[in-house]
Amino acid sequence: MPIVTIQVTREGSQPGNDSVTADEKARLIAGVSQVLLDVLNKPLEATFVVIQEVEMENWGWGGLPVEAYRKQRNSTPG
Amino acid sequence: MPIVTIQVTREGSQPGNDSVTADEKARLIAGVSQVLLDVLNKPLEATFVVIQEVEMENWGWGGLPVEAYRKQRNSTPG
Amino acid sequence: MPIVTIQVTREGSQPGNDSVTADEKARLIAGVSQVLLDVLNKPLEATFVVIQEVEMENWGWGGLPVEAYRKQRNSTPG
Amino acid sequence: MPIVTIQVTREGSQPGNDSVTADEKARLIAGVSQVLLDVLNKPLEATFVVIQEVEMENWGWGGLPVEAYRKQRNSTPG
Amino acid sequence: MPIVTIQVTREGSQPGNDSVTADEKARLIAGVSQVLLDVLNKPLEATFVVIQEVEMENWGWGGLPVEAYRKQRNSTPG
Amino acid sequence: MPIVTIQVTREGSQPGNDSVTADEKARLIAGVSQVLLDVLNKPLEATFVVIQEVEMENWGWGGLPVEAYRKQRNSTPG
């Protein structure tokens, strides 16, 4: 009866995508359900998965909205 | 001060609806708040309820997106 | 497939109890599962309920730990 | 590595706004991350913040959808 | 920056264990982090995993505490 | 009516402490409630705060339990 909640920013994983695709969601669901089966022997039909996509401006990191934080990190000299 | 979070798929409970209606949400809020009052004696004004509707493709069950899982179950003989 | 999460402070509902009892938990589970059945027609076996008991000092209200806040409210004149 | 989740109703804080603005979100992120730094000495880059905006009809208080509850409170004589 | 929350009942996966072991937790963390890398190309160091163990009496299924529900299902004739 | 959930590892912020102290929790509650007041004009008495302390072995980062991850990072040469 596990519940797995996956929170990710709403953005594409590849150029041309602006969000997680239905196929990627299906693979996330399959993948984490399999982990619960492999590690804890939980049958697939006992696991719920909930994916929550979070708008970029609603996700903070480093005290900043995540896009601003990524820019700051990338501009940090090596 | 209880907090009750209700997560459901975004779909209608009846033909013609494609999501939970405002009236159904009001009844969910009233119902679960009443349960907290009845069982733990929590006053209604102390309870917060948050309803989270989850897109069908974001909900996994049986290692599959939930629509695919429902189809598979329904086609299982016996 | 609803998931209902109930967060309450870890305290008794009656003198002599210092936490939610197993019987009260069973009644919370039964009660909210029934609400989902009544309002959205979700079968009982499709609903998961998770009860989270939160230590008193971990719950804040009014900018204070909840016990301090309750005392402050109770001492407020009329 | 703290995670701070902020749940608020989707509404404006001032006349003319109908939701939390990007600037307000940035200030929420900055503010709560700073609290974690000040109190627990967690570096800013170790803190994630997730803001969840909840539709007004999905938020319950006092056994009612929150807008209905606010009206009821405001109409309560002194 | 994904956050993966895994909620499981506090019980052993094998006879002799009465909870999830540290080794099993490490494998859950490794497994789901790898899924996020494989599917969405999220670097391992960007993923947080939180495992929440829920007491058996705090988990409801089928309108009952989960242990009672499991007994009922197992006693259902074929 | 905001709800702020703060998840941190169960560990001390200073030598000699092995968990977050009651005083630190009170300051977290005061601090984040003040942020909601300052930024969104939410009255203190409308904000709930829930602090969740997560066992070190239940928190993952970098595909590892967090203690193992910290050791690995610290041993990375320059």
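Should a chain be cited, it is by its letter among A, B, C, D, E and F, assigned in written order, with residues numbered from 1 in that chain.
The rule is short, and it goes like this: a residue touches a chain if its C-beta (ideal position, glycine included) is under 8 Å from a C-beta of that chain, and two chains touch if they have at least 3 such contacts.
If you're wondering where the values come from, they're calculated on a predicted model, not measured in any experiment.
Using the contact threshold fixed earlier, the set of chains in contact with both subunit A and subunit B is C, D. Note on connectivity: the fewest chain-to-chain touch steps from subunit A to subunit E number 1.
The chains in contact with subunit C and with subunit E alike are A, F. Of all residue numbers used where subunit B meets subunit C, over half belong to both copies. The two sides are thus made of the same residues.
Relative to the C-alpha centre of subunit C, the farthest chain centre belongs to A. Note: centroid distance subunit E to subunit F, computed from Cα atoms, is 22 Å.
The distance from the centre of subunit C to the centre of subunit D, with each centre set as the mean of the Cα atoms, comes to 21 Å.
Residues of subunit B in contact with two or more other chains: 1, 3-4, 7, 28, 32, 48, 50, 59, 61.
The touch graph of these protein chains has some other shape, matching none of line, ring, star or complete. Contact between chains, using the touch rule, shows up for A-B, A-C, A-D, A-E, B-C, B-D, B-F, C-E, C-F, D-E, D-F, E-F.
Residues 1, 3, 48, 50 of subunit B touch subunit F in their complex. Contact residues on subunit D toward subunit A in their complex (touch as defined above): 4, 22, 25-26, 28-30, 32-34, 44-45, 47-53. Note for the complex: subunit F touches subunit D at residues 1-9, 13, 20, 24, 27-28, 31-32, 35-36, 38-42, 59, 61, 66. Residue ranges on subunit D touching subunit B, taken from their complex, read 7, 54, 57-65, 68-69.
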